[in-house]
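Structure provided below as structure tokens; questions to follow.
A, B, C, D and E are the chain letters, set down in written order, and residue numbers restart from 1 in every chain.
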Amino acid sequence: MSDQGLRIEEVSAGYSGLQILHGISLHVDAGELVSIVGANGAGKSTTLRLISGLLRASAGTVTYAGERIDGRRPHEIVRRGVVQVSEGRDLFGPMSVDENLRLGAWTVRSGVDELLDEVYALFPALAERRRQAAQTMSGGQQQMLAIGRALMSRPKLLMLDEPSTGLSPKLTWEVLEAVRSIRDRGVAVLLVEQNAAQALGISDRAYVLESGTIVLDGPGSALAEDARVRKAYLGL
Amino acid sequence: GCGGGSTGTGDSGGTIKIGTLHPLTGPFAGDGQQMENGVKLAIEDINKAGGIKALDGRKLELAGGDTQGKPDVGQSEAQRLVTEGVTALVGTYQSAVSANVAPLAERNKVPFVIDISGDDGILSHGYEYAFRMQPRNSVFGTAGAKYLQEISKAAGKPLTKVAYLHESTAFGTGVFKAFKAEAEKAGITVDPEISYDAASVSDLTTQITQVKASGAQALVVTGYYKDGVLAAKAVSTVKPTLDAVYGIANGAFDQPQFPTDAGAASAGYFDVNYHLNDKSPEATKFAQAYQAKYGQPPRTGAALAYDSVRVIAAALERSKSVDGSKLRDAITDTDLTPLTLNDGPIKFDDKGENSTALPALTQVVEAKPTVVYPAEFATAKVTYPAAPGA
Amino acid sequence: MTFQTVTAPDAGEHEGTVRRRPSRARGTLGVLAVVTVVAATMPFVLPESQQAVAIRVLIFALMATGWNLMSGYGGMFSFGNAAYFGVGAYADVVLLVGFDVSPWIAMLAGAALAAALAVGTGYVAFRYKVRGAYFALATFAIAEMLRLLATDTTWVNGTIGYHVPLLQEESWWKFQFEANAPEYFWIGLALVVVAFLAVFFYLRSKAGRYAVAIRDDEDAAAALGIPVMRYKLTTMALAAAITAVAGAFYAQYYMFVDPDIVLGQAQSIQAIVPAVVGGVGTLWGPVIGAVIVGPLSTVTATLLREPPEALSFLAGRGGLDVVLYAVLVIVIVLALPKGLYGTIRQLVIDRWRSR
Amino acid sequence: MSSVLTVKGLSKSFRGIAALSDVDIDVTEGTVLGIIGPNGAGKTTFFNVVAGAFKPDTGSVTLDGKDITGFPAHKVARAGMTRTFQLMRPFATLSVLENVAIAASVGGGSQRAARRRAEEVVASVGMDEWADTVAGTLHTAALKRLELARAIATRPRVLLLDEVLAGLVPTERQPVLDLLASLRDEQGLSLVFVEHIMAAVMRLSDSVVVFDRGRVIARGAPAEVVDDPAVVEAYLGTAPSTGETTDE
Amino acid sequence: MSTAEALTARWRSVPAAPAVAVGLVFVLIAAALLKSGSGTITGQAVLTGLVNGGVYSLLAMGLTLIFGVLDIVNFAHGAFLAVALFTTYQFVATTGANPYVALPIAIAALFALGALAQWALLNHTMGRPLESQLLLTLGLSLLVSNLLLLAFGGDPLSVAVAGDHGINVLGAVANQTRLVAFGGALVLAAGLYLLLGRTRLGRAIRAVAASRQGAGLVGIDVRKIYVLTFGLGTACAGAAGMLIAPFTTITPTAGDQFNILAFVVVVMGGLGNVAGALISGIIVGLVEQLGGVLLTGQSPLFGVFLVFILILVARPQGLFGARQ
């Protein structure tokens, strides 16, 4: 069961001689929605970048479906079904919505049109703007496009880095709803969110990251009740 | 300051270093390497013949420098060679480089024999240590005008109007001005004058069309190899009606590979240039030795470099000293028959110019540039008119 | 209105940051003094045949310092510093040969002229938002236009150029000494030191700090009230002046100036190479880079003047030394991502940090 | 009370598409104006035009009775209005203190004085421990504070804040809100801030303006505005609430 | 982001730029007519300008691709051109065949060379500032041209196309070989345009140009695309080299003279814009020739640089570049 999913063991990593993550371990099983919460600068994005191959671990192992993926380059990891929506979104700015989405299906050779229809069904706002260049869209639409693009590769594990930042309350809802429905289709999700309360509310399990170390983990609802978490991250 | 003056004299034993400065890399590497080979060959020949006899048979040794065709590099290399104790310098091909090396030689009191560099200005500063083997640009221009007028007259088709195409730096402009002055004296109008930038030019069709439209009877061209070939190709494309295409100090029209590169249309092209004396047995011997050693025929540049070393060696025999000022004095007394066409033995005037340097007129005959004028050096007859492509 | 310091559930949080010590002026100036004194002995230490190389190092250092100020600190990537270099060189010879002005005064005039040129062209470029690669190529085009202009202008002797007339005796006022005299080296060294100090103090001044801020983020700087245009131009002007001084020194040392030599693209490239090799955006980078790049071509040429046995079939074919030079340049770029000084400094910082 | 910033009939379009049309806004001295609106409504564009990054197509901007319409960015800042950026834009190679010192020195005065003021401001935003840290390596929360510190250091009369809270975990938001309140209450600064975190908008704003498609669709006291059906429809949404929409 | 941007840019927002350019060319033609007083000369200048401009475009297209996608100012492009010239020469010298037979060989050889350079050298400097790659390509250019010097010597060489002759085009003449090169430029431009716009590889290239990280995150092997793009750009130099070989003097430094003009063309056309490179190349060719008629004695390049600066002032992002 667990060797179907993602498993990080004792991983350390950082930037040019500066260690950020200190031997963290976590796992995401197939079909699970798992969140990572933590203060700004705790290393949440660093963890995701590490999994998606944008950053190399200095120690420890990352395995997916029983296979080592640390040290692999991003496109190889995407081919295994592990796809990240990054904090900066990394859209293809001058290209149209349609082209962005089709590029999302780079590793998928058949059934692209059906996938496209699915994504447009999920985000009708995108369907209205098929021809619009990504860079001329507003923040929220760009966020939807980034998620849609990731879905185009039929991910088995989707990683989202702060998908709701900068979105209007209405869109925040829509995005988190979408995340939940993605999980409901059997895609595992690893979610990083500032809105810890909301994130924990929809998560199966969650980890708390502090200064590059995992200090707590458990079911989302249980953590949401945890006094320390409530004080430190929910502002309660 | 310190030092400077004590160098160059060397000690009494060991070899005598001859410093060379040529563009061994960069766009002019082909010519530079030929000239370097000429120096090597000369040193070999002199050493084989027993070195400098007046100095107990001391041998010559080459101290090579690569100017890369850049004046400042040339000067740094010259400075290095001088401080390494060379007795004399030979070089440099490009006028700007020679102009940069000449004052350095002057300040260090090291004789500098310029094999090739045509710009009149180089020796106009009263330098005492610089000498030049080749005819300078104005000599080319004047001789060019004279020869052209003479051969056209002799053929019964005297010229009244010629077009002039030249590259736009001091070289092309200098030759052009001298030509124009002389031509106008002989009643020839020079019009149009068209200049181009040799470094960037990639086509001369428009310019040749201007020549065609002008109704000039002959086209005179001064430039380098690449643009010379471009001019020839443009002439064969545009087909202007001309009695002659006539190079002066042209880098292409007298070159052995020019007929190959420019094609059949190059037949009959003239060029006024320095040239190996094909009638001299020494020159023939030199050409054979060069061919044997380096696998290609020598260009005149190689012969000028060869002769430059001979000039220095002969002066060493006379000065019996490697001291710069004594050697310099000895060089002023040079009296040496060169491998190139000359109006008698090499003699330097008070400016250091080779006063007997004589441009020859070549014409492409049977796909080979051949000396056709002045008559005493000619190995073939002048064909005039020689309409291009005819 | 003070924040309680938040974020920190436990200590050790600041481990995850890069710290920057306020740079200590005394340290840098002390090092500079020592380096200068050591360098000043070079004329006595170096073999005479290497003096020309030493001068080349100084000229490289000046040019690279100017380029580095503009491109490294100012973020305005220039590919046309030959323009300023040439203006400096031409101002020198035109005033000296044409009007018998002392080269020292001509040097100042050239610096002023180059600064004016920089301000003029910079104003137009920035006014019309020419940036990045477009700006680099625009500077290049301006340098080329100056070269072509000089080539075609008989007033500055066209392609013939200028000779600095030889004097009978040495003269400080006329900036002429015996060939290979140590004075050339010392004057060059002094100019490098002055340029270094100029950059050093400029960077510590308000204007210099604004310039660096503008490089990092122009819009953010403007939003704080910094007149972006003014400080970009100030930086360019100072860089141009330094480059022009290099040009004037070049003219006095080599005694010959023509359009291709001082305004050609080779000079623009020569301004960049030492800075990149030494470390862009660092004070010492250009100087260290010049010390490496200056002798490099001479070293390779000497090494291969007599090709080794295995390569003797190449004898008489030029180019091997340049091949080696090129390989070395490539290796340096690959091995030292931030230039020599930048890379070493990075290593030191990393070590210091990991303690 | 007098108005410190008055914007009249402001319009701006990009390639024929209107990002702002005919916007009127008035900021009373010493108060906080909140701007909300859907993504792409034109909020950032409004800041860009008012603060001089773009020139308006039509309309006027008056600061403290002075017409600053079309002023370039640095003149707007010198006139007393400073903005922050939605995406943080530090001087990445400089330390936090240097970043702030540069801002502090803009008005004039010696570098030493600027540095002293920078130290004060850095301390006031709770960043003194980070003073020597290179800004390019800071994380989101620190960058947001730096952005704020730099703006404060210029001694503005009006601050334009673009989503200073976005990306901050809830615990980090509180001190920033406290600071903003104290700027208004203790220093009499006027603030205009764009924010999607409604709890903050409700808490801090004296009045609120709602943008949609480049137009102002509602304005008034915070409580009135959030009940406006048009605002709910366009911005707040009526998604099934788990009660946690607005944290705290 | 420029290649993608350029190709995706909405054309209706750009018509002012070509209009200005075309207007400029017409003014120049009129001036040349007045100055020379001869329709033949002006006609010849226009034809030569067009045809030469095609050559500049040929080179610039490869450069603009590399510049637009990889952000590399490739100074070795001229040296690569020289490699193509020598490849053609060597092929003709050994087989005696028609030089055009060497076209696929030159393209393949240069593709391999470019791909190798990117894979072995430049890939290791990606993400570093502009000057790093600039210096690397500068070193590469020195290396390549001096290796050629070692191998072939510095003497000029040539290849001839049998029966090359002038062809009359409305009273002006141009050599067959030059017209073929011009045609080659058009074909190459069309080919690149289709490749970038219509193929899977082209989409990947544009994606990498738009966002490297984004491309990696959708599963594109970014480094492979770098290698392919550099290879493609260099293959353009291969095609260019073969096509111009019949009318160029072949030396190790033969490419250098085109380098700078090619950069001017690239920037004028907008970084990464293939169609822009084609049109700008032709404008540069025309300005050079007409300028030569207008400013006799002046270097025609002066006019080219002047026009370049004017265009930058009017459109800082190049004639056909999209605004940032």
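By our rule, a residue touches a chain if its C-beta (ideal position, glycine included) is under 8 Å from a C-beta of that chain, and two chains touch if they have at least 3 such contacts.
Predicted model only: the values in this text are computed from it and were never measured.
Student: Give the chains in contact with both subunit D and subunit E, ordered by label.
Tutor: A, C
Student: Tell me, please, which chain's centre (mean of its C-alpha atoms) is farthest from the centre of subunit E?
Tutor: That would be chain D.
Student: Among all chains, whose Cα centre is located farthest from the one for subunit C?
Tutor: That would be chain A.
Student: Between subunit B and subunit E, what's the gap in Å when you average each chain's C-alpha atoms?
Tutor: Taking the average C-alpha coordinate of subunit B and of subunit E, the gap between them is 36 Å.
Student: Starting from the mean Cα coordinates of subunit C and subunit D, work out the distance between those two points in Å.
Tutor: Here subunit C and subunit D have centroids separated by 42 Å.
Student: Just how far, in Å, is the C-alpha centre of subunit E from the one of subunit A?
Tutor: Taking the average C-alpha coordinate of subunit A and of subunit E, the gap between them is 43 Å.
Student: With chain centres defined as C-alpha means, what is the inter-centre distance between subunit A and subunit B in Å?
Tutor: Distance between chain centres, rounded to whole Å: 74 Å.
Student: Residues of subunit B that touch two or more other chains: which are they?
Tutor: 25, 29, 32-33, 168, 197
Student: Which subunit C residues sit where two or more other chains touch them?
Tutor: Touching at least two other chains: 7, 16-18, 148, 151-152, 317-319, 322.
Student: Multi-chain contacts only, two chains or more: what residues does subunit E have there?
Tutor: Expected reply: 146, 149, 153-154, 252, 297, 299, 301.
Student: Where on subunit E does subunit C make contact in their complex?
Tutor: So the residues of subunit E in touch with subunit C come to 67, 73, 121, 124-125, 128-132, 134-136, 138-140, 142-143, 146-147, 149-150, 153-154, 252, 260, 263-264, 267, 271, 297-299, 301-302, 305-306, 308-309, 312-314, 316-318.
Student: Show me the residue ranges of subunit A that touch subunit E in the complex, using the header's touch definition.
Tutor: Of all residues in subunit A, those touching subunit E are 52-54, 73-76, 78-79, 83-86, 88-96, 99, 102-104, 106-107, 133, 149-150, 152-153.
Student: Using the touch definition up top, name the residues of subunit C that touch subunit E in the complex.
Tutor: 71, 77, 124-125, 128-131, 133-134, 136-138, 140-142, 144-145, 148-149, 151-152, 265, 269, 272-273, 275-277, 280, 314, 317-320, 322-323, 325-327, 329-330, 333-334, 337
Student: In the complex of these two chains, what residues of subunit C are touching subunit D?
Tutor: 1-7, 14, 16-22, 205-206, 209-210, 212-213, 215-217, 219-228, 281
Student: Which part of subunit B faces subunit C closely enough to touch in the complex?
Tutor: Those in contact with subunit C are residues 1-5, 7, 24-25, 29, 32-33, 36-37, 40, 64, 66, 68, 70-73, 75-76, 79-84, 96, 99-100, 103-104, 106-108, 119, 121, 125, 168-171, 173, 197, 294.
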